[in-house]
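These are the structures in question, set out in turn.
The same chain A turns up in both complexes below, where it pairs with chain B and then with chain C.
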Partner chain A sequence: MLIMTNLEKTFRTDLVETHALRDFNLEVKEGDFVSVTGPSGSGKTTFLNIAGLLESYTGGTYMLDDYNVATLNDKQRSRLRNEKIGFIFQSFNLIPDLNLFDNVDVPLRYRGLGSAERKKRITESLEKVGLGNRMKHLPSQLSGGQQQRVAIARALAGEPRFLLADEPTGNLDSQMAKSVMTLLKEINLQGTTIIMVTHDPELAMQTSRNVFVKDGKICDAADVHTMPLASNQ
Partner chain B sequence: MFSYYLKLSLKSIRKNPYLSGLMMIAIALGIGASMTTITVNYLMSSNPIPHKSEQLYYVQLDSWSPHFPAQEPNEPPDQMTWRDANNLMDAQQAFRQTAMASSGAVIEPPDRDNKPFMASLRLNFADFFPMFDAPFLYGRAWEYADDKAGNYVAVISKETNDRVFGGENSVGRPITIGGQQFTVTGVLDDWVLVPRFYDVTTGAFKGTEDVYIPFAMKELMQLPNGGNTNCWKSPEGEGFEAFLQSECVNYQMWVELPTQADKNAYMAFLNAYAEEQKALGRFPRPLNNRLSDVMTWMENQEVVADDAQMMMWMAFLFLLVCLLNTIGLLLSKFATRTGDIALRRAIGSPRSAIFSQYVMESALIGVIGGLLGLGLALLGLQGIKQLYGSFVSDLVELDLTMVMLAIALSIVASILAGCYPAWRACSVPPASNLKTQ
Partner chain C sequence: MSRWELGPILRAMTRNKVGAILIALQIAVTMTIIVNAAYIIVERHTMMQRDSGLDEQNSFYLTTTGFGADFEPKRVITEDLDLIRRTPGVVDAIQINAIPISGGGWSMSLTTETGDDADDVNTANYMTDEHGSNALDFNIIAGSDFVASDVRWRERNQTDWPDKALVTKALAESLFPESPWQESVGKTVYIAEDEPVIITGIIDKLQAPWIGWSNLEHAMITPEYLVSESTRYFIRTEPGQRDRLMAELESTLADKYPNRIIRDVTTLTDTRERSYRQHSAMITILTTVMFLLTLVTAVGIVGLTSFNVNRRKKQIGTRRALGATQGAIIRYFMLENLLISAGGLLLGVVLTIALNMALIEWFSITALDWFYIPIGVVVLWVVGQLAVLGPALRASRVPPAIATRTV
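Here is the complex of A and B:
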């Protein structure tokens, strides 16, 4: 369902050419929980951005649910992001002047759902992350862990097939990180495919598969227990 | 999505009240200045009698010098001689017609406690009133027979009636004008003509006259000339009668010609009249007679002053400067929102939705700025009233058309101003801006 073949990404300036990804091959099947690890600057986030259709690539092919991503225009990519992909960011990326209800509402608005359907989904997803009683709160009134839960609720409300998480516990203490990870595992068990970029070896060990990226390439895809993991930065 | 964008726009304005306020003030200043000058130009150039402006014609006869035209390049005089005015009136070739002139005389109210005062006079024929749709409060116009017989009859304005008769119905009552006793046949209601098209030679933006009396009174009472008098040669002889018979022009002539055929026939009559006068040794220039309908005549006489038009263009330039400032402020405002934009793009917003959201915000700022601008325009018009006095006070008003125009102008202007910043906003690359939050 997510197949990257010989994917390349090169950043060019007048003076420098940087190969962020090269000869990048990856296949993620439905229901996988894949962690992506590697040292800083190895291309993990570039991979995630390309996987999430936030960035274009310069070579190779990327098939997402049988769509050849290279052939899609902005509107089609936006629609694919909206309907199939959910994002979770390290810094939560909530809109500070919208309350929790309205934050979760954002992707549903762009999908054009009716107000009753949106309300149902928002309520369910916020209740799922344990924040059903705080819908009218602003993000600034919540702890970091709670804000990340809101971000997860926002992703879940769209009922995505993929959840792309970029260091989802990077800004959380260990207790909160653990609870967020538990939540992600529950979501995965319910059928959502998750790709998570992380520096934390302990988190990577909890996923079903680890991909180690170095210098823009996948070194190997193997059982997480046998792979060298980057130190947390 | 309209209501969603509106909600987001309101939140954004509340979040940055000072920056948003600055933009609104910039737009308000531009709209205020533009609307003030547009209103003045609109009133100056409006059709004062739209339902029949194409049936009323100003008559020009070229009776001028053989050596030079009345006005370059080859314009006939903008008024006519006493002799020609009377000859055309005697001919009665139009559906309606009136020669006219302006003058002035002292009115002596019957009440001794009420002091005599100088009044503006219009000397005209009976057709004047129906031709120009003069509204009557009491009574009616005099008859053409009164014109022919030289009867001392008068129509007075409402203001004059208030002043002389305390506002009572004065029809049939005597009134002393220039030492002669006239009988009032009618009292006009409030009559505001903008521009006062029937005589623009003395200024198109003056009020209508205090008193209207038959044209023949010019000669009978030897009334002084009002307005412009131009001569291409000196009168042959001394005294008032010699002046009346001279080639000096001081009289206006209007005819009502309901159809094109009527117009053609009247033009043929004018040319025949000119040929007749040539045979008598007058009209030395080639045939150059004119019939101009109301709007053509307004244009010919440049009723909308050049400086008013210049002011309007200056105001538009000022609006442009205000919009450029608004563009700068919008760019600065939207630049602080790259994180928000990147997030929305990441979770499924197409560029067009971001563009629409930010254009909506610009339009909302424009609407609020436009409403403030309307307030400033009202202040500007108050200033014009103070500057130009009581006559314009009844006229310089923002009507519904102007209000709608102001709002439309502010929306269009702010959307135009918002397009570039909104396009910049929707071009924000999401990936590189997501981590900036």
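Here is the complex of A and C:
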């Protein structure tokens, strides 16, 4: 469903050019659970942003399903993000002024769903992550692990085919990280394709496939068990 | 409707009340002041548009004061008027005791019965001859104008009155409210409770000297010349001749009789300007206040929205990541402002009416016309939306990648 060919991304500032990605080739199939590892600054977030249509690229091609991403305008990209892609962020990115219900509601409103349908989806997805009884709480009233669960519920409510997570456990202790990982595995088993950036080899080991990025390139799809641990912090 | 995010915006706003409340209050106060100010401006403007009845563009007056033991007022006045009336470009000229809308003049009270318990009606009193209608540009709409033989000389210490008078239609209506104004012709009114004067003609329009007076439309003319060293001539000219004649007549009169001083050669347009200066100053001040207040409110809205956009950068990026189009982001901020404005304007309507009621109480102005309120609401709503537009556009350009790039 995702094919990147010779993808390039160069950041240009007045002083320097940074080749965040170069000659980046990757194919992800429906139902995959891909972990992305690599040293800091190697281009993992850049890759994920491009995959999630948050950022443009400067060369190569990227096909998402049958769309050539380069040909899409901002509005079409927004719609694809809304309908096909779910995001989970390292720092959760919940909207602090909205309660859990309204937070999960955000992407559903952009899709223009009716209120009954939205309510059903919100309730179901919050129940799925074990927070069905806290819908009126504000994010600040939850622990980090709980906040990340809300973020996952928000991503799931839209029933995306494609879930992108940038260090979803980066701000969590190992106990909470474990439970989030369990949740992601369940979601993957139900058919959602997942790409997850992580620094944690333990977690990477639990995915179906690991991609190691270095200097903006994929080093041969590494065997998780022999993956260098240099980046493990 | 789900795309409009009305509920979430409102609920999010209750978590950040202070800024929203301050702006709403500012909008409420602005509305209160600009609507009342606009009403006062229009009221003053209407007041300034009132017709004096004179041919103001083509009229002026001057004062001449003779001196010396051999000064003969009657002869000089007669000769002066004769000379001025014969001057090419002059429509007509009169001697008159006071100038309409100038701020200074004579008033008296009239009764329709004798005795001191009769109700009296106040009026301005002008004294002039049968050229009055032509010089002051009024028409006799009932009865008849003075003729030369009606006019007498009022000596320095003379206190009695001529037996004829012209009155304005407005004065006739106030004197005899029960009968049609035309029927006032031939009726007798009393000056100083017992001195009878017969109304011989009705004037369509002539204002009193005092523009702030509630009886501004009440004027009476008695047919007489004043015997005095100091006298005032009112001159009406043909269109475009006024300024030339002002200079010309000043020197002609001085040449003809050197033992006098000619002062205060003044146009009616200047007189109007001076009399209404307070009102035009008020209009200028209120307009400035309205403009500044609206500007300050707009700047406040720009400031609050910019602050919110900066504070919510990450949130905006996240919303974009979750599928918000640029339009949805703009809509969010516009709608947020619309809701804040709605609150402010609702309060504004109440305060506007309250202030108007207070002004009625304190300064006895009249009640605001209802339509000022919806106009004020719409204007401030539009100002709010325009003020938000810039920051909202900036918000829509926050890159979605902010969502992953900031911690």
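We take it that the second predicted complex is superposed on the first by the 229 of 233 C-alpha atoms of A that agree within 3 Å, B and C clash if a C-alpha of one lies under 4 Å from a C-alpha of the other, contacts with A are read in each partner's own complex, and residues count from 1 in each chain.
The criterion applied here is as follows: a contact is a pair of C-beta atoms (placed from the backbone, for glycine too) under 8 Å apart; a residue touches a chain by one contact, two chains touch by 3 or more.
Since this is a predicted model, take the numbers as computed values, not measurements.
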Chain B and chain C placed together on chain A: clash or fit? clash
May I ask you to decide whether A:L113 touches chain B, chain C, both, or neither, giving the answer as first, second, both or neither?
second
The answer to whether chain B or chain C touches more of chain A is C
Practice prompt. Based on the superposed arrangement, let me know which partner A:N99 touches: chain B (first), chain C (second), both, or neither?
Written response: second
Based on the superposed arrangement, let me know which partner A:I3 touches: chain B (first), chain C (second), both, or neither?
neither
Chain B versus chain C as contact partner of A:R81, first or second or both or neither: both
The only stretch of chain C that collides with chain B once the two complexes are overlaid, out of 25-33, 61-69 or 259-267, is 25-33
After superposition on chain A, the chain A residues reached by both chain B and chain C are 49, 52, 54-55, 74-75, 78-79, 81-83, 87, 89-91, 93, 95, 97-98, 106-107, 109-112, 154, 158
The chain A residues in contact with chain B across the complex are 49, 52, 54-55, 74-75, 78-79, 81-83, 86-87, 89-93, 95, 97-98, 106-107, 109-112, 154, 158
The answer for chain A against chain C in the complex is residues 45, 48-49, 52-55, 74-75, 78-79, 81-83, 87, 89-91, 93, 95-99, 102, 105-115, 118, 138, 154, 158, 166
Contacts from chain B onto chain A in the complex sit at residues 1, 4, 11, 15, 339-340, 343-353, 429-431, 434-435, 437
Seen from chain C, its contact residues with chain A in the complex are 2-3, 5, 7-8, 11-12, 15-16, 314-315, 318-328, 399-401, 403-407
